[in-house]
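In the two complexes below, chain A is the common chain; its partner is chain B in one and chain C in the other.
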Partner chain A sequence: MYVAVKGGERAIDNAHAWLAEERRGDTAVADLSVAQIREQLSLAVNRVMAEGSLYDADLAALAIKQSRGDLIEAIFLIRAYRTTLPRFGGSLPVDTEDMACDRRISATFKDAPGGQVLGPTFDYTHRLLDFKLAADGEIGEVPQAPARDTATPHIMSFLDREDLIQPEPAGEATPPDLTRTPLELPADRALRLQALTRGDEGFILGMAYSTQRGYARNHAFVAELRIGTVPVEMEIPELGFSIDIGEINLTECETVNQFQGSKTNPPQFTRGYGLVFGMSERKAISMALVDRALRWKELGEDNVGAPAQDEEFVLYHADNIQATGFLEHIKLPHYVDFQSELELIRKLRREATQMQEAAE
Partner chain B sequence: MSAYNFAYLDEQTKRMIRRAILKGLAIPGYQVPFASREMPMPYGWGTGGVQVTASVLMPEDTLKVIDQGADDTTNAVSIRRFFERTAGVAVTEATVEASVIQTRHRIPEEPLQAGQILVYQVPIPEPLRFLEPSEVETRKMHSLEEYGLMHVKLYEDISQHGAIATAYAYPVKVEGRYVMDPSPIPKFDNPKLEMEAIQLFGAGREQRIYAIPPFTQVVSLDFDDYPFAPTKADHACDLCGAEDSYLDELIVDDAGGRMFMCSDTDYCLTRRKAGHIGAQGVPYEEASV
Partner chain C sequence: MKLDQDRITARKSWMGLLAKAPAAELSALWGALGTSPTHRVLRAPEIGGVMVRGRAGAIGAAFNLGEMTVTRCSVVLEDGTVGHAYVQGRDKGKATQAALVDALMQTAAAAHVEQVILAPLRKAAAETKAKRAAKAAATKVDFFTMVRGED
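Then we have the complex of A and B:
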């Protein structure tokens, strides 16, 4: 006698209970607060906000706690929450020229108005485990400087004045929203940049790295990398003017890339652009390189068949929530499809064996 | 769950999806792009089907959810619970009682009736995808009705294996126009695609919806000398004795012993309740004690 397997409902409930227990870990160790994650794991929070496409550090921290530190799972939680929110309007474009910079560096000029500001960077730390941190996380005295009150102009604007950099055509007033309209190809640059900024950091990094290694190399220099806060303004129809509704932390990267020109047009540098929520400079630089690679057609370059030049390849595979969902779904039951393949392969083998025997 | 709208999606989103569904019904087999939303379940786990179901569901509906033909597989349980929580609709395991059925990989054995809606979860909506990876290209091929590549593939199968080597997600032509992927149902189910009920297909990750209206002609691709043949395991169900239903194969002992049972759990149960007993089955009353 055989009784069919049942119990899916109870198994799910029990799995959830076990998951909750594992998430909490040893209860003798203090529970981690959302505020602690927000303050002390801020780069993880930044990544979840950027790829979750939702600027809310508390929710991102909560998602990280709930996901046991699995950042893609946390991004997923944020995306699923974001999709339920109404879209009640669009802000004015933020002006990164007005950014209050924590960090601002240029790899192309030794000095420029606004100066080189290292800011809180890992760049020149020696990657030695700090065992003192395991015992106590206290920090010493941190030197303070008065906030700069002069503007920090974009490095690109200096190249622009000399016509050395390719001019950027003005985009549509309101760019399309990737989360509200289906992605259809060819995508314009605004849409591509949107997909890249919420794309998986690892994927964008890998794509960018491939261009550096010769798959559509575009000779990128980091003209400028700036990190800081910018005000967000929104026009309120009832008021008839725009007001500040808050401020966000951004990382912006502008690259200056290989020049092009012809007999009639003197050579000009070209650009790549990256803009990401939070302090995410690896992502912003990667984004700028991939953006530049994807612009081959408008800049009149050859398609050398490199993955980073293939808009469809990059845009369709950059989203880690889509990728992880489809990848992991293969662990769901596939008895039915597998059964049909089993029958087919048995039939084909039977026929092949019969033919072999007949031949002998 | 009062923080969420009926059936989770907001009304604007439902309206957008319903428009895509109506367009799909107006152009049978055509893949309509839609702005798929992130759902609280992963892409690849039925988000397309869930969005379609959420958009057609009314408070008076009765919902059935199956995965691999069964109501009690974990993902079917999970999706059914999602709609119990967010829509509060009645749910059932009985095919005949359901007004909306969401399915993954099967069409129920019991013929569906006018008034019922069958919603499929679709992983890859593009039947030409594994012949041509570019979406730009495949959309062009559909618009030009350029399906030669598919016939070449089927022909190559025959020359290599002596048969068309596609066992599930077997391509069909809808109303003489669009070649369509019926989702990964076994080809055993293909003849059922011509039915009285409305069939809606949702692919969330790929952002496509398509549809087959009732009584639409659906032809499985084949050749005159190699006609399409639906197949199943050459057994009867060991629980209910059915010879006409699609079967799952189970490994039941360390020696690799096999048994077969209906993949459609409701069909099997209904038969057992009616007194049918298979080779290894027991009367229904005994099993339920």
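Then we have the complex of A and C:
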């Protein structure tokens, strides 16, 4: 039970003033600009955009500054801002086949057409602290090589052609939107993918990892991981045709999974899919694994009771803003609640003591 | 009909270019145009969100990926030509300039606007894209098979 309490305004104002000072830190150290965060902490910015569910790097950078680097607090700020925006419409589905790829790798085909392109990855770094970065920020010349000027085909399209992989059914033109209608179960795949792409990276990673460790294992291979930019196109009612309204950076992961076939389907590979705002490859791979695990019903698999197969468990606990809101509310005043608990335990103790005394 | 289609294709192209252009670049080029046409604002610049969609498995059913910020604006020139803009981000100045460029591109000033604003924007976008593609190409892996340790 919540009871309105008045008072504490002065304490709150003073707390906010101190928060602002602590946020600024030592004034002998230069103030951090939003542009510096956007450019130099870009992966944090990417995470705030993905989980805040709003693609705007400047806003995400501002939120990170305001939240003192607490990314969940930053995501909260973005989610709150997002609700103030009028919705102009929905885009046409982005065509990731058209992506201008910074990175594109396949763990299943060595000689994939278009090649294995590493991009600006941490993968082969030695994970040794680089003290040069603390001393100066100088960077060397980045090597360039002649680029192909054709689109990079999806690896899956090759399996598709041979009918070795489960086809993807087309769905409704306007997918359900959990920001407009509260999430209800059972959720179709479109809703699940929306919940996963804005879900907490740590939670989705943990769920994905659990499938690899054997809880609903589905033997995922990363058929393809690509990172790059795609144009976003939308129908403009006053024009009567569609135009590009911008371009965004995305990470896409397609997994190919073992499948024995079922009563209804011949033996073929199945798919898991991850698509996330920004360069967020850990999240995209995790999303693909969890997506695949949640598909057990439509693929005619057994429910082995694994957490990652449990739609309610995954979807209702993936959102870090819902989770943190409920979790952190318990630190707010519950004086009356607790008072009644206190009364109750005193009464129970009194009764217990009386019974003991009576027995003696 | 063919002419109509060509006009739409051309307009799609410049509107898309303006939507993606960095605000500072467009602003500088707008300044270089030298004139600001007399116009009336039909729809004041408005910041909003567009829900970006993807496809399950890249080719299947559409799903909602998340929103992006967009600013839109509509203007009308003295001669009645209407210009629209939907541009990425929250820069109202950029949206207004893009709507004016869209309007001017439908008038006799088109060739001049193309030369002063659109051509440089197109060139800059192509260069940025080519540079990233060249850096990516330099990280392409060339595999070679190790000699196996058997005879």
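One rule holds in what follows: the second predicted complex is superposed on the first by the 346 of 360 C-alpha atoms of A that agree within 3 Å, B and C clash if a C-alpha of one lies under 4 Å from a C-alpha of the other, contacts with A are read in each partner's own complex, and residues count from 1 in each chain.
As a working rule, contacts are C-beta pairs under 8 Å (C-beta built on N, C-alpha and C of every residue); 3 or more make two chains touch, one makes a residue touch a chain.
Keep in mind the model is a prediction, meaning the values are calculated, not measured.
Chemist: Who does A:F76 touch here: chain B (first), chain C (second), both, or neither?
Modeler: first
Chemist: Quick check on the superposed pair: does A:P86 touch chain B, chain C, both, or neither? Answer first, second, both or neither.
Modeler: The answer is both, since A:P86 touches chain B and chain C.
Chemist: Based on the superposed arrangement, let me know which partner A:L193 touches: chain B (first), chain C (second), both, or neither?
Modeler: second
Chemist: Per the contact definition in the header, classify A:F241: touching chain B only (first), chain C only (second), both, or neither.
Modeler: Touch partner of A:F241: chain C, not chain B.
Chemist: Quick check for you: in the superposed arrangement, does A:L54 touch first (chain B), second (chain C), both or neither?
Modeler: After superposing on A, A:L54 lies in contact with chain C but is clear of chain B.
Chemist: Does chain C touch more residues of chain A than chain B does, or is it the other way round?
Modeler: C
Chemist: With the two complexes superposed on chain A, say which partner A:L275 touches: chain B (first), chain C (second), both, or neither.
Modeler: The second partner, chain C, only.
Chemist: Between chain B and chain C, whom does A:L129 touch in the aligned arrangement: first, second, both, or neither?
Modeler: In the superposition, A:L129 contacts neither chain B nor chain C.
Chemist: Should A:L344 be classified as contacting the first partner (chain B), the second (chain C), both, or neither?
Modeler: first
Chemist: Shared contact residues on chain A, chain B side and chain C side combined as an intersection?
Modeler: Common to the two interfaces on chain A: residues 82, 86, 179.
Chemist: Looking at the complex, which residues from chain B come into contact with chain A?
Modeler: For chain B paired with chain A, touching residues are 4, 8, 10, 12, 33-40, 42-45, 47, 67-69, 72-78, 81, 104-106, 123, 134-136, 161-163, 165, 167-169, 184-188, 205, 207, 231-233, 238-239, 246-250, 252, 259, 261, 263, 265, 268, 280-282, 287.
Chemist: Give every residue of chain C touching chain A within the complex, in rising order.
Modeler: Within the complex, chain C contacts chain A at residues 8, 11-12, 15-16, 19-20, 46-70, 72, 74, 84, 86-90, 129-141, 143.
Chemist: Within their complex, state which residues of chain A touch chain B.
Modeler: By the definition above, chain A touches chain B via 1-9, 11-12, 76, 79-80, 82-84, 86, 179-186, 312, 316, 321-322, 324-329, 332-337, 339-344, 347-348, 351-352.
Chemist: Write out the stretch or stretches of chain A touching chain C in their complex.
Modeler: Within the complex, chain A touches chain C at residues 49-50, 53-56, 58-59, 82, 85-94, 96-97, 100-103, 110-111, 115-120, 142-149, 154, 156, 160, 168-179, 189-191, 193-194, 197-198, 231-234, 236, 238-239, 241-248, 250, 252, 254, 271, 273, 275, 277.
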